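I've put the structures underneath this note.
Across the two complexes that follow, chain A remains constant while its partner is chain B and subsequently chain C.
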Partner chain A sequence: MSDDVRDETVRTGAPGRGYRPEGLDDAFSDGAAEAADRGAAHDAATEPASLPTLGPVGWLRWAWRQLTSMRVALLLLMLLAVAAVPGSVFPQRAQDPAKVAQYLEDHPGVGPWLDRVQMFDVYASVWFAAVYLLLFVSLVGCILPRSRQHWRALRGRPPRTPRRFGRFPAQGQGTSAASPRAVVEAAAASMRRGPSWLPFGRTYRVDVHDEGGGTWSASGERGYLRETGNLVFHLALVGLLISVATGQLLHYRGQAIVVQGRGFANAQVDYDTFERGSGFRDDTLVPFTMTLDRFDSRFDPETLQARDFTAHVTLTEPGEQARAETIKVNHPLSAGGAKVYLQGNGYAPDLTVTDAAGEVAFAGPVPFLPQDEVYTSRGVVKVPDVSGGQEQIGIVGYLLPSSQQVGPELFRSVAPELDDPLLVLSVWEGNLGLDTGVPQNVYQLDESRMTQATDDDGRPVTLYVRPGETVQLPDGLGALTWQGTPRYVALDLRHDPALGFVLVFALTALTGLAASLFAPRRRLWVRAAPGGEDGRTVVSAAGLARGDDVGLAPELERVLRDTLARARRGTAPAGPDRPAPPDRPADPTGATASRPAHPSTLDDEPGEPA
Partner chain B sequence: MTTGNLSTLLVWAATTCFTIALVAYTVDLARVVDRAQKRRPVAAPVREAAVVGGGQATSVAEPPADVPGDATAAAAGGSSRAAGIARSTTYLGVVLLFVAIVLRGVAAGRWPTANMYEFTLVGAFVATLVLAIVQRRRPIAFVGVVVTGIAVLALVLGLNRFYVQADALPPALQNYWLVIHVGVAIVATGIFTVAFATSVLQVLADGREHGHSHLDHPWRSADGLRRALQGWSVTGPRFAWLEQVPDARRLEALSFRLNAIGFVLWTLTLIGGAIWAEHAWGRYWGWDPKEVGTFVAWVVYAAYLHARTTRGWSGRRAAYFVFAGYATVIANFTVVNLFFSGLHSYSGLK
Partner chain C sequence: MRRAAGLLLAGVLAVALAGCAPETTSGDDVVDQGYQSGDGSTTTWPAAERKGPVELSGEDFSGAAQDVAGWRGDVVVLNTWYAACPPCRAEAPDLVALANDYADQGVHVLGINGTDAAGAAEAFQRQFDVPYPSIADSTGSAIAALQGTVPVNAVPTTVVLDRDGKVAARVLGLVDASTLRTVVEDLLAEGA
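Let's look at the complex of A and B:
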């Protein structure tokens, strides 16, 4: 590979003075050019002899150059890729705190050490942030100077025609009866013209030079979009990072379980869990209310896989009429600046527990959490002591929506629908620990201060309850009635004001990326000199592209043919509205464009401007 | 016979076609080697030398000046019977696979990219289609061998391990993004596959052009292993066919073009996935294992694009990034689907 040539290119490129170094292969190449250039400068600056002259400012400058160099950017990119991996190897607190706790329990040896290096909070860890922040600093340090440079280049003119064309990857020759000036004017017109379907699409920026001695030349350049796209891509990434961070700052997110027939108000107290960014003020929560009217679910009768979930709700936004809405998976509901997602569903048996004194100690629907695809659901009822001198009662058990007896005292659910529901419960008595002040999980029973109710043989008592039935609790604790089985939905509410910005920056980055990779950057030169046979004008042309560009030689040929055709039709340059037929033989001698067999000079800088 | 079963049968038929194509490409490759050795009698003694002593085989790396153009023309124009068989069975396989995918969609009553099996089918289809297109322009038997090899492996694995009954979609997948997000991801994977094959070839060709092989220098502790592998030195006679393929520079350019398209599509996959995740899961990014894998692959390919323009990292070293990137893409598909639990667990396997 022509690395050495490339280096040479970079060094002689003199970036910032209109002509930017060519010979680097793609959108990112400019960064490389510059970085390599900086690297080269740095190599010179840090030779041992010059070391003593580096003061603190010098060292800072050196560090900055290092950070913004392409090689360090490359290193940081690879580091970022590697640093992201542990997050899917180890359980993450952000996704599944229970799994992290489990892992710490299972691995008492390495667990705490992994925790100390933030392996369970990888994406919020110091080292991960360090990598991507350094990467972004490097990116900004590289992109901003280049943006300035590109801005100058955008207003600049194409480079002057080089004296010799011999080193260029695409070359062409021809002769014309028209005068050199007319030929060059024709070439300029030909280059300026876009393709017929897009009048401004393929337009070159063209300069015409009088080189003296009757020789004229035209130099054209196109593809500024390439570097523009590259810069836009990188700047959009910065915008994306800022948008995401802003969203993190201003967002809130909460989960709530809403039982059929019950309402939900958008206030912190109504959420089961609630978290918000440090920039979000609680008083800005829009106080809309929502009621779950009905919940429909559909399952495949054979595979029992879910086919559809629909929650029918009534939404009341402040100052507005109540309206009926639906929430489905993939179709969140927008309410009060937040989106409401349907994340889960299940059954919430409506249970009433009366204590030994006949007082109602507990009444209401109890959400049971589905554990499998047939909705075998687990739930807990915590019955406090209402009448004096009573034990507190904890009832734990399973709901089987479509129960089937598979053995003596052994049941299982065979389908997720509510076909033949059965509650299988065990009863605990003692102290629920509600007064300890420690927040409790409502779906778990703290059995440490409780004893399980047993029958006379000392075997744990299991209650089997069907809808509408009332069963007596063991040990004369009271009675339990199953009133009905409403559905419940688990909702996820999220508000992120930066969402639109995230999307716009992401799409901008995509567009910029596509432009930077696919927009060809080309330079063409056409020179016309007198002194051919029979006083004809000798026309020569050359082309240079950034990177490997299969379209360069065909384009040079097109321009050359078109130029000669225009020149022959008359000295007047044809306007964009009179495109020349592309495939007509241009000249008796013909125009030929060729690509040398070994286009290793492709990456070359042209010689000194003529 | 149900439509679903017919689809499965057609996948087997396509797999058979690609297997034949694989064999034919290999035969064609051998023919190219043969021809190269016949053309240059010097190659014969060197071969013996390589068998006996090994290391001196480097002299082969200097091709006579007239050979490349000549032989490439011969390889391109003078289509052997094997090459013809390879081409036509590839086309046939692509068509059969396409019909199989359509029937699969008909049987399930939806767009057929919802589980690992269907992803494998469509991925293999895209890879072989890209192969068929690339081969029309430059017949490179080696790329054919690698791509049909991967396709056959993927299809057999898909049929035997990933297969699930054609069925309707769970609610989480009922979204038009299934077509865009997964479709684009599959196309990107297919393109990355061909680009990967090209990069492998590029590194081999580069090694031969520069006449250096890692097998030429003694390996400190594992020198026995090195001697056992000696015959597989890239500078040795077994790789004489490398002189018939386009030079490393052109292969690098081809690989870059494919990777550039793949990278843009991969970016689109990421963005589409984020938009869909925002609809379905209530967040556009949540570091789900699949998201992490896709992100890592994206970063590695981004590193590749940077590397190939960095001094001292272009060419051969940049190709190593392609290997890493492709490995990430494949791991993201297989390892993450099968061994990590996450929201993207749609393999349909238990």
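Let's look at the complex of A and C:
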């Protein structure tokens, strides 16, 4: 620690760094910190042997300071980015549990170890949570003290006018016939007013000081909005995080497939997939129902790109009359506190399968999942309930909405519209595996206990079916009839009560960010002293800004010009005021400008008579 | 820098927290199984805390009207199912046996099938010799009516109503035959 302090001393003591404009012992100059360092260095130099010891409380304090420091916050942020990397390297359970299972199967050695350190649940892992919670604490620990500090600063007064203006980045001089007090009051009024085009943005908080000896000065400060914006931004970020977390806790999201002419109830049982936050209570799921009446799709005939999808639905909310609604891709429907998005669509051929005894063993629409842009769709028909001890039937195959023969027994779809639909199916018989109670994928046939139907030559049988046709299944299994082709939609239902808050906090954060970026923080001082030539008042002004501020010099010039004009109007016309260019000081006894602050436009122009 | 850091943090945290949501499905689930399975968990409510009565009516697959309200004074077992759902098939023989065994004590069993068309549903009923009717819930209104009283979270879900038509028990997932019989017998004893 003492080494650090000595380093610090060398640097503070270095020429050119020690200078600090007077009266600026605050955030503008970091003077307080330097003074403290100097004191510490002094102590360390005189008592080199006694290293300070930290008690438990001291260590805690030290740890807290470290945690809430900028450096550690950045470090944690980097760490968070690094910690997120495995999430894109390894398959994640949240996104694709099948891939995780596959990975574990392919890597029996490292797989279980990776699983043990939660590499497949990175974003829900303990170590990832540790990093972002620390970051969250760091953020809060940084903002709260800063807010308190800023609150005090907001109610403070502008700093007193420094004695010398020589080293300030922007300076200006002039003379006036008015009394010093009148000039300074004119300056105060000028600073308070601001330009007319922006009613609230540019007014200064101004103090007028009587410095004795007939000299008066005004000090003004503006740009409190900058720090306010900064803090609002950070507080809004915290709010954003809390809202997102709350939303995650209380949200639910589910997907469901609804076939034309059929309905859907907002109950978990009717979802294909459903996930919810741990704070969501089942009984708050609003039991509305929705029936798909019609589905319209439009495709570009050239590119086959989708132009428009519209689902016409009938929505019945509890205790209300049924009403017709539409859902489009970017126009979700609000129902029961949830947003219903149109996520996908396809064809669900209405098929009837009769078994060998002629009994209907299966009937109904079967959703086929589109595999490409021309809606070549894959589907599975499971026929478990065949009568008379017959083997169960499984039918898998493709729907080609606009079929085109490209070879012997070779078809493909050329367009997504139902132009010349064709079902290309293969038939399996055996045990579907449904009766054991073990869950299985509804879109896949578990072929492990089934055999594919073949013809006399031992080649697999392929059935080609067109709408309205009835084809005989091979091996005398029965028959299949294609009754019609209703559409289906895949719906995505989301409920997140915190979304409104997320929006508000996001907008607040942006506003705060804009304010902290674009609100300039400036201090201006104007001093008026008697003793110019012909008994005129010598006016000098200086400006200081936080950071690089190209607007400072023009602003100072505006204020100075306006001050002199106001002072002139306030007194009898005794002669032209002579604002002097800052790089040619009018008062040779005054402080010389160390560097020209801005190209002068204040010239020896004759003043207008009042 | 700090601002950029903050924005990034928000983004990352949003992703991170999204991962916090617990899995709600049971351990045997497979990808794309297409339905919400239950873990067989049974919930029972003592008489004072029961919600209801359940108002549930509709047409069964043969076209006959069914209304739970007509069975007040009797114990009613409601069961959601569809033909290609493995646990539904596994529990069907137990439900059929229950319906047959307790028919003379006034126990009514009513299926609710919102998935299948008549052909598939009737084939299932033929296959398992199902003696009880099932509502053809093609619009989802029967499920919605039930959800309004008790959350229906899985296929199959079995709900047992007491003699007042109030929800006395709910089983999510494959029902255990002896558990269900115990529940039914307790409820029968209540009214006696």
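We take it that the second predicted complex is superposed on the first by the 462 of 610 C-alpha atoms of A that agree within 3 Å, B and C clash if a C-alpha of one lies under 4 Å from a C-alpha of the other, contacts with A are read in each partner's own complex, and residues count from 1 in each chain.
Note that a residue touches a chain if its C-beta (ideal position, glycine included) is under 8 Å from a C-beta of that chain, and two chains touch if they have at least 3 such contacts.
Everything numeric in this text was worked out from a predicted model, so none of it was measured.
In the superposition on chain A, A:Val208 makes contact with neither chain B nor chain C. In the superposed model, A:Ser88 lies in contact with chain B only, and not with chain C. In the superposition on chain A, contact of A:Asn330 is made with chain B only, not with chain C.
Counted by residues of chain A touched, the larger count belongs to C, out of chain B and chain C.
Legend: residue contacts after superposition of the two complexes on their common chain; A:His234 is shown touching chain C, with no touch to chain B.
Legend: residue contacts after superposition of the two complexes on their common chain; A:Asp548 is shown touching chain B, with no touch to chain C.
Within the superposed three-chain model, A:Leu54 lies out of touch with both chain B and chain C [touch as defined at top]. Once the two complexes are overlaid on the shared chain, A:Asp121 sits against chain C while remaining clear of chain B. Legend: residue contacts after superposition of the two complexes on their common chain; A:Leu513 is shown touching both chain B and chain C. Once chain A of one complex is fitted onto chain A of the other, the partner contacts of A:Met70 extend to both chain B and chain C.
With the contact threshold set out at the top, residues 70, 73-74, 77, 80-81, 84, 92, 94, 122-123, 244, 509, 513 of chain A are in contact with chain B in one structure and with chain C in the other.
Interface of chain B with chain A (complex): residues 69, 165, 167-172, 174-175, 206, 248-249, 252-253, 256-257, 260, 263-264, 267-268, 271, 274-275, 278-289, 292-293, 295-296, 299-300, 302-303, 305-316, 328, 336, 340, 342.
Contacts from chain A toward chain B in the complex involve residues 1, 3, 6-7, 10, 24-29, 31-33, 35-36, 39, 70-71, 73-74, 77-78, 80-81, 84-85, 87-88, 92, 94-95, 122-123, 244, 253, 300, 303, 305-309, 328-332, 339, 341, 343, 492, 494, 499, 502-503, 506-507, 509-510, 513-514, 517-518, 547-548, 597, 600. Against chain A, in their complex, chain C makes its touches with residues 1-3, 5-10, 12-25, 28-37, 80, 83-87, 89-91, 114, 116-120, 122-124, 126-127, 137-148, 150-155, 157, 174. Per the touch definition, chain A reaches chain C in the complex via residues 70, 73-74, 77, 80-81, 84, 92, 94, 96-98, 121-124, 128-129, 132, 135-136, 139, 230, 233-234, 237, 240-241, 244-245, 248, 251, 261-278, 282-283, 285, 287-291, 316, 318, 350, 352, 359-365, 382-387, 433-444, 509, 513, 516.
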